[in-house]
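Listed after this line are the structures, all set down as structure tokens.
Look for subunit A in each of the two complexes below; its partner is subunit B in the first and subunit C in the second.
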Partner chain A sequence: MNTLFDLLLKPFQSHPPLWGLLWISALSGLMMILVFKKTSNQQAISALRRKMGSRALGMLLFLESPSTVLKLAFGLIIDNFIYLWHLLKPMLIITIPFIVIAAQLDARYSREPLDAGNPSTATVYWESLIPSGEMGTPEQGFLISPVVTITDSLEQSFSFVGDEGLFVFDGIGIRLGSRGPSGSIVVRGAEKSGIIQALLRPWNGSVKEGVLEVRSHIQEKHYIILGGRWGWFTVFLVFSSISAILGAVVFKVKV
Partner chain B sequence: MKRRDFLKKAILTPAALAALSVGCGKTTGRSGKRLIVLGVDGMDPSLVESFMERGLMPNTKRLMEMGGFSRLGTSNPPQSPVAWSNFITGAPPPVHGIFDFIHRDPATMAPFLSISEVSPPDSTLNIGKLRLPLSGGGVNLLRRGTPFWDTLLDKGVPVTMVKLPVDFPPPAENKHGLFLSGLGTPDVRGSQGSFTFFTDDPRSISDSTGGGVVIPVRDYGDGCYKCRVDGPANSLIEGNPTMSVEVKVWVDKDSRAVRIDMGDSSVVIGEKQWSPWMHFSFPALGPFSTVHAIGRFYLKEVTPKLKLYLSPINIDPENPALPISSPDWYSRDLAEDAGLFYTQGFPEDTKALSRGIFDDDDYLSQANIVLEERMSLFHSVLSNYKEGLLFFYFTSLDLNVHMFYRSMDPASPLYGTTDPRFSGVIADLYSRIDIAVGEAMELLDDRTEIILLSDHGFAPFRRSFNLNSFLAAEGFADISSPYDRNKDMFACLDWSKTGAYGLGLNGLYINQAGREKDGVVSLTDKRNLMENLKTSLESAVDPLTGEKPVKNLFILEDLYPGFEMPPWAPDMLVGYSHGYRASWETTLGSFPEGVITDNMDPWSGTHCISPDVCPGSLVTSMRNMPINPTLTDMGSLINAILTEEDGDQ
Partner chain C sequence: MVFLNAIAVSLLSFLFWPVMVLVRSVKKSKRPLKAQCDKVVILGLDGLSPHLVEKYWANGDLPNLKKLSEQGSYNRMKTTTPGVSPVAWSSFQTGVNPGKHGIFDFLAADRKRYLAVLSSVKTTTFMKKNFLGIKKEEVSSTLLRMSKPFWSLLGKYGVRSTVLRVPITYPPEPLDGRLLSGMCVPDLRGSQGSYTIMAPDGAEIQFTGGIGCSLRQKEKGWWAGSIPGPEGCEPVEILMRKGKNDLWEVNSGDEMIKIAPDKLSGWLTVCYRSGRTKVKGIARFRITDGPVVYCTALHVDPSSPVVPLSHPVHYSRYLAGAVGQFATLGLAEDTWALSNGHLDEKSFLDMAWAYYEERRKMFTNALTNGKDGLTVCVFDTSDRIQHMFWGDGLEPGSVIHRMYLEMDKLVGNTIDRLKKDQRLIVMSDHGFTSFHTCVDFNRWLVDNGYMVLEEGVKTVNASYHGVNWSKTKAYAMGLSGINLNMKGREGKGIVTAEEAETLMLEIKEKLLLLKDGDKDVIRSVKFARDIYSGGYIDRSPDLIPGTCSGYRADWGCVTGCVGSKSIYPNDRHWNGDHCHDSDLVKGVLFTSWKHKTAEPSIIDIAPTVLTMLGVKPPGYMDGRML
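And now, the complex of A and B:
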């Protein structure tokens, strides 16, 4: 999945991150509307929408007859449930790629690069024993605080700054950040993971022996659009929705 | 792209077309000049001269050689809110209504901050304990009068005022104006800066001067201290309970460091280290309404006792809970460009130093952060400056000279106990301001001018004058309950036998019948009483030094004849002599034993004295300097430079 997204983002590697985020958002919206078209019963939805329209019109025409209006309104409520039932299957199918895409975008576009201006904090959770002695010094980047050890919960935390986008501390097997081009995954943790975890949390790297997991707090990234500060998820939701609506018009998808 | 850039680009084409269609690129009334005004609070002309001579301010000297240098007449009293209001309105206190940091309501005798007020909503919708505001309410600027920039904005001259004093909340949005509020901007608790100090040794901290809260905390054996951080009062809930968030502080005594966990963010700091700005979210109405704020931690000590300082909780410039800029996106743009910054009006935590929370090193590290942030803001603003007026305000000099005057004043009672390492602090600050002057001078060309000015100068504060104690000793006030002498707001007074009282830093009031709550002095007797007070105060002598602590007692109706005074105005202003100032106890209406005492507070420099003792400074790039300039002249000078009518003269 990482490779697929790297490939999709290749044309945007030398552009600001927002470009890649907009591209994937637009593509996702379009793909999702097409998946919706394929997996939904378009004929049934179309018929149902006509039926609902006629019931609404009927209510307007027979306003002087409360019993007819009530009957039509009840029918409209039932139609809504049927409509939701028609949506259920495509929505469930779309949810799976949605989660994967969201995880990829979170990994690539939600954090500021690791550099001297953005101090971050990392916590190492050890499996059973905190190694004795000094932690040493990182190979890339700098520690900017002493290491705090919480013996009871087998945790060690420190603040750091990266260097050229990376923080590498081989002594505890940490490699955080990213040196790749725009849109690369920014690694912000590490854990022992299987396929599902790798799919859902692509921002995690691998851990060394004895370490349960590593978590870091890297500054969140915002995008300035039309004067507002947007998080990556808002950008994704808004622009994938716009793309989906346009796709529905162009490909005549009944939603 | 920032919003302002986007908007600029969006309007560029139509604006250019509009300009071409009238056959001229210049809007009517503009001179086409640019002007950078650097407002440096408390820059003393004698010190500037001395530092220029010593080569510590080469850029300022260069600016002076291009144009000129002179003393700048300050306000009376020479307090920053008064002086900057004079600058802004071009008028004296009776016009703008600011006479002191503190005013009092004569009907209730309750003191209030002179710059701004928060008013509750006129009506609310009550649902159970919920109080939803329907109308009214808000923050109001108490400064009156017309600011000089209104003329510029009317003529289409772009105006950028950054950290402008006495301008909270900022003016209404104008397409030509960018404003960021400075002095007078509160923290989210509504105070002028209230720190929080967590410690398991609370007894070690004196509780004499306020300025913050000391919160006792304890470790229950797991190395974790649970610390409650209080935010603003929640006006949406009955009784206005305080909103708060919990912070967990994990202590590692071996590494002498702590990890601070708040929500899903964490930071690790060692002893004598500052955290970066941390975001606080105070829930007002569950997830529907949240007050956003920022604060910085400083770990003073881990062992033997935990001593963790938290800065006043500042309004978050990226998500302001109260209006601090106009347009509202301007503070966000600045934070995006220059990083988060102190938004409160008095960022240097002088109270923490006075109260013993900070030592000199701690204080200077905090003051250095403030100055670095201010410089980042300055670089950001300077790099975006294109046209019109740019005003930028520096506060560091004022507050740091207040705290470190003792380091260069051998006559200060604290000179002997101040570490000689700090003897160069003030010179260093002036040098750093000089660097900013140099950066501004890089923009000088034949259509750009620079004005460097200050609101007042400085003098030593060696001896404290207990004005109220003096009044009581001389029979102008009557103490009925001596045990309450040290309580605030005249708790010990018998008002029926009191003719005058002091409040604020320079204010002296007559207990006037019909105006004051328990007033006894009739209007016919008032003049005589004021004359007697003038004679008595101006002839008082300090038995230790033989000097007169009061140089001038100004009677307001003589100082500003023809002006109608608002009810909160003092009747007289005490102009203290060089070396003297009102004691802290005087400012809030208490009556300590003794009339004149040594000032043992690190706050060792002052300007709340006779205005002729502490004029401000004026350095400009223009050859034709005004003669005997005062702060009230500056607005019209700026308008003259930037508008066509007078700018060509």
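And now, the complex of A and C:
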């Protein structure tokens, strides 16, 4: 999945991250609307929409008869549930790629790359024993606070800053951040890998021997659009929706 | 959103309801007469013949109609002269004779140009500037039926009406209530219905009618054919291929449907584009081996009507959602395709019954939602089936017999839905009889020296081309009319007012002597001035010949053709008709109450309904209260 996204984002490597995010959002919206078209009962949705519109018009046409209006309003509410039922299957199907895409975008666009201006904290959870002695010096980046060790819970925490987007501390198996091109993954932790973990948490690196997991807090990234500070999820929702709406018009999808 | 909308409109309805009830009560209190009931339902069964009703009663059939006649009344009802739907239904809705509403036939004469034009609608094209000052071509239709339909009079007194598919209501006129237009609603191409046949180039198929298009083979088993649409719009390409289970997939770009071979499909939306304007139509398809594709006329999409189909304009949208897409064309059942062999009898009947079902649902919807006032619905399935299957026999088990049973069932269901104090009228505009022989009135006029053709011209194929008007005294136009070529009235008229009387008497005398072997052909010849009165009598033909049963004006002379024989056999599938002497084709009238009128007429319905609902019939109406 990482390779696929790397490939999709290749044309945007030299551009600011927002470009890649917009491109993936637009592509996702389009793909989702096409999946919706394929997996939904378009004829039933079309007929139901016509029926719902008709009921609303009927309420205006039979305004003189409250019982008819009530009957139509009740029918409209029932239709609403039927509509939701029609949406259920395609929505369930779309949920799977949606989660994967969201995980990828979260890994690539939610955090600032590490550098001197963005100090972060990391917590290392050891499996059975905290190694004795000094932790040593990171290969890339700097520690900016003393290491706090809690022996009972086998954890060590410290603050750090990266260098050129990366913080590498091989002694304890930490590689955080990314100095790669726009859209490359910012690593925010490490744990034992698995297929599901890799799909849902692509921000994780793999742990070294003796380490249970590593968690770090890296500063969130915001995008300036129309004068506002937008989180990656907002950008994704807005632009994938626009793309889906346009796709629905172009590909004549009844939603 | 929809949920909120529902709540908001419901609340508004409850808020405004007392005001509306008050306004309506004030209006109703002004009614000059005491209402005899709060609701009248009129069920129009076009062409239902009293002869057949009585014949089937003798076999013990039609129990609901029988019961209605016993509990209320049954009569043979006098129709108009001529007894054709546009004339009869116009008289029904206005309560006046044709001289006052101006409809005398399906077609009217453009006397200056000797052209047959539609009698009830005039369509004009004009340029209109939009708000940006850009000129755009607009089309406007005007209803030529004069006088007022009785439901518009009811509206003045707060009595609401629902009027469904009554002929000659296009374009729809405003009323207090809801109206869906019927006969004369055009198709998307502006015609009264032209189907399309698509076949591969070189296929052995005769394009005897409709619009012929070629079908192109594409990759992966797909076939493509282009259906021409309205003027100024690009044709729409329809893609077809045989898919799973032997079903054809038909795709119009907007929608896809599946059709079993040789079966009539459901509705498919076809969207045309003219610049940025979308013009939406609906059509049904049938695919036979070859493949040969039959596509019905392009009906105006009721969900998105390009011309007004109803009043208010969103009533057709409401109906499309409530009962599903439905046929909107005035003459929806494709009798031409059956006559031309492009539809078989089964498919035609499937189509006719599918349209019947659509109308039945609309009627039921109107009965359910219209709590009081007037509900009128006309079913023309009975007319179309009798036109096309009269020759197949009328005995039990025949197509026509089954149709009468179905109509009886409809009457039974309607009675079940009515409350005791509500009144029902079941009626037909005319009856039916056979049509086995054509009478070419123009040929007869030529043979008798009243019409003269140009030197060397033997027959005329279209619109009187080749007629020598400087020597012609009379011409036939429409299903039942002979016009004198009057000086000052016609474009090249030669008959003076002094000559007219003698000429009319002479033509009448000779026509009454017309024989087919030893059989009489003409039963009566009436003069317009004797049978009509009113301000629009000048639109009528001068003489109205009433043919005997079995004889009818031939197909060509209706639009100005002259054939080679004045009498010849009718070999078309259209073998039942009602364009005969009007006394031969009386309609039926059933009422749910007893009345004492011995010979009711179709013009009596309007004053009767007005009186029952408390409105005094206006003095200009010719009909009387039953």
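Please note the rule applied: the second predicted complex is superposed on the first by the 255 of 255 C-alpha atoms of A that agree within 3 Å, B and C clash if a C-alpha of one lies under 4 Å from a C-alpha of the other, contacts with A are read in each partner's own complex, and residues count from 1 in each chain.
Everything that follows uses one rule, which is that a residue touches a chain if its C-beta (ideal position, glycine included) is under 8 Å from a C-beta of that chain, and two chains touch if they have at least 3 such contacts.
Because the structure is a prediction, the values reported are computed rather than measured.
Overlay on subunit A: subunit B and subunit C fit together in the combined arrangement.
By the touch criterion defined above, A:L226 reaches subunit B but does not reach subunit C.
Between subunit B and subunit C, more residues of subunit A are touched by C.
Of the two partner chains placed by superposition, only subunit B is touched by A:P146; subunit C is not. By the touch criterion defined above, A:T95 reaches neither subunit B nor subunit C. Look at A:Q197: by the touch rule set out above, it reaches neither subunit B nor subunit C.
When the two structures are aligned on the shared chain, A:A73 is found in touch with subunit C, with no touch to subunit B.
Of the two partner chains placed by superposition, only subunit C is touched by A:R55; subunit B is not. Of the two partner chains, subunit B is the only one that A:T121 touches; subunit C does not reach it. In the superposition on chain A, A:T137 contacts neither subunit B nor subunit C.
Once you line the two complexes up on chain A, you'll see the smallest CA to CA distance from subunit B to subunit C is 22 Å. Subunit A has no residue lying at the interface with subunit B in one structure and with subunit C in the other. Against subunit C, in their complex, subunit A makes its touches with residues 43, 46-47, 50-70, 72-73, 76-77, 79-80, 83, 252.
The touching residues of subunit A, counted against subunit B in their complex, run 117, 119, 121, 123, 145-150, 152, 157-159, 217, 224, 226-229.
Taken in their complex, subunit B has these residues touching subunit A: 1-3, 6-7, 222-223, 250-252, 254-259, 264-270, 273, 276, 318, 329, 332, 336, 339. Subunit C contributes residues 2-3, 5-7, 9-10, 12-14, 16-17, 20-21, 24, 160, 178, 253-255, 303, 312, 314-315, 317-322, 324, 369, 371 to its touches with subunit A in the complex.
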